[in-house]
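Two complexes are shown next, each including chain A; its partner changes from chain B in the first to chain C in the second.
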Partner chain A sequence: MVDRTEAQFYTMEGIAAAVLMVLTAYLVLGGTTIYTPGDTHIIDMQLEQVGNDALKIMDTKINESDTFSELELYVRNMTTSGGSELGTEFKKIIDKSSANPDNIYFEAYIYYVLTNGTIKKYPTDHPFAESTQKFSGNENAVRVTRWVFVDNNAPNVPTDFFAAIHTNKTVLLEVLLWRG
Partner chain B sequence: MERLNESGQWIVLMGILVSIGLFFLAFVINQSALVGQTTAEGVLEFPKNEIQDTRSEIFRWASCLKSIQGPSRDAEKNSAINDITTLARYRRNAEVWFKIDPPKEVSGSFYFPITIHYNNGVTVYDETLTYFVSGI
Partner chain C sequence: MLGLIMVASMVPGLLIGLRRTTAIDYDAVAYRTGAILTEDPGWPVFPPWELANTIDGVDRFGLAVSKDSPGILSIAKIETFTEKKFLIDYPNDYRERIIFGDYPYRFHISISRFNTTSNAIESVIPPVGDTLPADGSYGYIRRVVKFKNYSYATLELNESMKASFNGTYLYQINSGSETPQNFTVRLNLSELVSKSINPAYHFDPRVEPINITINNFSATLNNSGNSSWSGWNKNPLAANETQWLAANLSAPDVARLEKVRFYKNENPAALPFDYDNLDSTKYEFIIDNNDNKTLSPLENVSDEMRLIIYPGSLPLDESTILDIKFTFREENLTEPAHTLISDRYPFKVTYQDDVVYRPPLVDGWLEVAVW
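For the complex of A and B:
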C-alpha cells in the first residue's frame, strides 16, 4: 500500500487560509466602522471651540480704558446696525484667512428675559446675524452661547427690553454653527 | 517512502505571521478611533466655556454694582439673578445660582463676597470667592 498524504496537507492549508481570510475581513471591518461616531464628535468639538473662541474674542475689550467690548456694542445697538456688524466680524474671526474662507456658516439670535420671567427672542422672524448660506435644518449644527452685559443706557433696544425700573440686563447671544 | 513536499507548511506559517501583524494593526486603528472619540466627548461634555463665561459675567455685574448705592442696588442684583438663572435654565440646560454680598473691607480694600453654583446635570461647580473692586 502506498502512503500518500499530500491531499491531507492541501486540505489543512485550505482550512487555514479560509480562517485567516475570514478573521482578517472581520478585523478590518470592525476596525473601520467605529470611525464614524468618533469622527462627528471630533468635528463637533472643534467647531464648538472655534465658535466659543470667536465670541470670547469679541467680548474682550480692545483697550483697558474702553467702556464696552465689541459684542456689547453690537447688542446695545441690536435694533439698528448691531446684527450686520456682528455677522461681518464673526465671519472674519472664524475664517482661517480672508484669502481662503472656511465653509463655516452660522446664524445668531438674542434671548432676553422680561421681569415676569418670560423669555423673548430677538429678532422673532429672521436671525440677528447670519451667513450667506441659510440654515435648512438638515445640517449637523452645534450651538454656542455667550452672556452679554447690556447697560441701562443702551440706545437701540426693543421697546419691552427694559422694565419700569431701568436696570442693567444680561442677554444670551446664541449662535448656531455648521460646516457647509 | 518518497519525500514529502513541505513548502505548504511555510505558506501556512507566513500566513499566520501576517495575520498576527494585521491583527495588531487593526487593534491600533480601533483604539485610535476610540481615543479621539472619548477625548472629544470629554471636551464636549465638560462645560468649560459656560463656566468661564458665567464667572466673567458675574464679575461684570459685581464691578457694575460698585457704583450703585442704596435700594437700587437690590433691584440691579435681582435683575442679574433673574436674567442669568432663567436664561441658563431654559436656553443653556444648566441650573445657575449666585449671590453677590455687600462689599467687605479687608486691609483697606473692598471685596465683594460672591457665591456661584453651577449644575448642568453632568458637571457640578461651586465657588465662593472675594472679588476685588477698585474705587469704592
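For the complex of A and C:
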C-alpha cells in the first residue's frame, strides 16, 4: 500500500500547470486581430463630400460685390425658376464632365418653418429639383443639407412663407444623392 | 496531453492575422490628401511656401487661399505646385508633403475647371503623378472648388489730376525745371487684406503680382487741345514765366519719365531695390507697349504705363503702405514741364470704384487618386 501522497500532488500540480499554460496560450492567441474588407460607407462618404462641396460652392458669392450667392438666388425664387436652375447648376457641378457624365442622381427639397412651429416642405408633391433619373426607393441615397438664408424681400416664395411675421428666414435645403 | 491538444487547436488563430489584408484603405488616404489640398493653405503661410526657393522651404503643400476660405484655391499656389524648383527629388518629396505615411503610395492629382468660352472642361495644370491604373483599383476622391485668379488695378488719369486745375496752369520758371513732376500710387495693405473682407475676395500683393496699368496719360499733359483752357498761351505772362508759344516750342505730346521708386510706410528714403537694371523675376515695366524698361527709364511716355511687381520682390506685410512714385523731368531743363500731373491727387489702389478688378471666382474640380 503506498502511503505517500506526493504522487497525487505531482499529478494535481501537473494538471494545474497544464491548465495555466492552456489559459495563457488561449489569452495570447485570442488577441489576434481580424481584418475585414473596407466598409461600404466610404463610397457613401465620397458622395456626401461631393454633395456638400457642391452646395457650399453654390453658396459662395462669385464677386464680393454680389448681394446674393447663386444658391440664395435660387431659393429666393423658389416658386418660379429657382428649382430648375438649381437642378441644372447642381448637375453641372457634380458631373464634372458633360461629355462623360458621372452617374450621380439627386432630388432636392426645401423645408421651412411657419411661425406656429409647423414644418412645411416645399414643394409638397414633387421635388424642388431633380435629375432625369427619379428616386425609386431602392437606391442607397445619402443626404446632404445646407441652411440657406432668405431675406425678407424674397420675391417668389410660397404664400405662407412670410405669414404673420415678415422677417428674414433660414430654410433647409436637403438633397438626396445616389449612384444610379 | 490535453493541454497540448488545446494549444495546437489555437495555432490556426495565430495565422489569421498573417493572412494578407484585403486592401489598404486607399479611399481614406485619397480623402485625407484631398482635404489637405483643398482646405489648407499649406505651411509656411507667411512667407508663403510658393515663394520658397527649394522644396526644403515647404513643410506641407496646400492650395487654399487661406485657412478662412477652404475650398477656394489660389491660382498662385496651383501654378507653383509643380514648378521645377520643387521637382528635384520627385516623387518622394511630394509624397512626404501631401500624402504622408511610410507606405510608398502612388498618386495622381488633377485640377480642372469649366471654361465658359469653349464650354468644355480643361486642366488648370498638367496632372501630377503617375498614370491611373487601367483596372480602376485605386482610391479616389473628387472635391468641388472655386479658383481665385489674379487681380489687377487700372488707373484712368484725367484732366482733373493736373496741378492747378480750373484754368490757371503751372508754368515753368525760366531758371530750369528743377521741380520735377511727381505722381504717387499708393497701396495700403491694411485696407487691401483687411480681415473684414473674406480672403477669397482679397487682392493680396504679398502673394500675387501687383499689376498696375496707368491709362490715358495724355490727359495730364501740359497742352491745351481745348481752346477754352487757354493754357499754354496764357496772357499776360509774369516775369519769370515761360510760355510754349513765346519760346517757339510746340505743345508737348509726351513727357519724360525719369524714374520710378518705391517707398514703404512713408519713409522718405526709397526702398533698396535694383532700379537701374532689368530683372524679369522681380518686375516688368512697359511704357506705351514697349517692354523691357528699367525703373530708371529716362523714356518718353505718351499714353500708358504698366508695372508688374512679382510677389516676394518687395518686403511687404499686412500693414505696409507701399507708395510707388513716378517722377517726370525733362532733359532740357529750360523747357516748361511737359506734364502737369501732381501729387495733389495721389492715386489710391482700393476696392472702391473698381480700381482693383477682382475676377469672379470660377468653379472647378480637384481629383486625387491614390494606389
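Everything below uses one rule, namely that the second predicted complex is superposed on the first by the 142 of 180 C-alpha atoms of A that agree within 3 Å, B and C clash if a C-alpha of one lies under 4 Å from a C-alpha of the other, contacts with A are read in each partner's own complex, and residues count from 1 in each chain.
We take it that a contact is a pair of C-beta atoms (placed from the backbone, for glycine too) under 8 Å apart; a residue touches a chain by one contact, two chains touch by 3 or more.
The structure displayed is predicted, hence computed values, not measured ones.
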Chain B versus chain C as contact partner of A:L27, first or second or both or neither: first
First, second, both or neither for A:I62, with chain B first and chain C second: second
First, second, both or neither for A:I119, with chain B first and chain C second: first
Chain A residues touched by each partner, larger count belonging to chain B or chain C: B
Which of chain B and chain C A:K96 touches, first, second, both or neither: second
Contacts of A:T170 with chain B and chain C, given as first, second, both or neither: first
Which superposed partner A:M45 touches (first chain B, second chain C, both, neither): both
Which superposed partner A:M12 touches (first chain B, second chain C, both, neither): first
Contact residues of chain A, present in both the chain B and the chain C interface: 30, 32, 34-35, 37-38, 42, 45, 49, 56
Interfacial residue positions of chain C with respect to chain A in the complex: 2-3, 6-7, 10-11, 13-14, 16-17, 19, 21-23, 25, 27-28, 31, 34, 71-72, 112, 114, 120-121, 140-146, 197-198, 200-201, 351, 358, 360-361, 363, 365
Residue ranges of chain B in contact with chain A within the complex: 1, 4-5, 8-9, 11-12, 15-16, 18-19, 22-23, 26-27, 29-30, 33-34, 36-37, 39-41, 43-44, 49-50, 53-54, 56-57, 60-61, 64, 72, 75-76, 78-80, 82-84, 86-87, 90-92
Residues of chain A defined as touching chain B within the complex: 3, 5-6, 9-10, 12-13, 16-17, 20, 23-24, 27-28, 30-32, 34-35, 37-39, 41-42, 44-45, 48-49, 52, 56, 111-113, 115, 117, 119, 144-147, 149, 151, 163, 165, 167-172, 174
Chain A residues touching chain C - in the complex, by the definition given at the top: 18-19, 21-22, 25-26, 29-30, 32-38, 42-43, 45-46, 49-50, 53-54, 56-57, 60-64, 92-94, 96-99
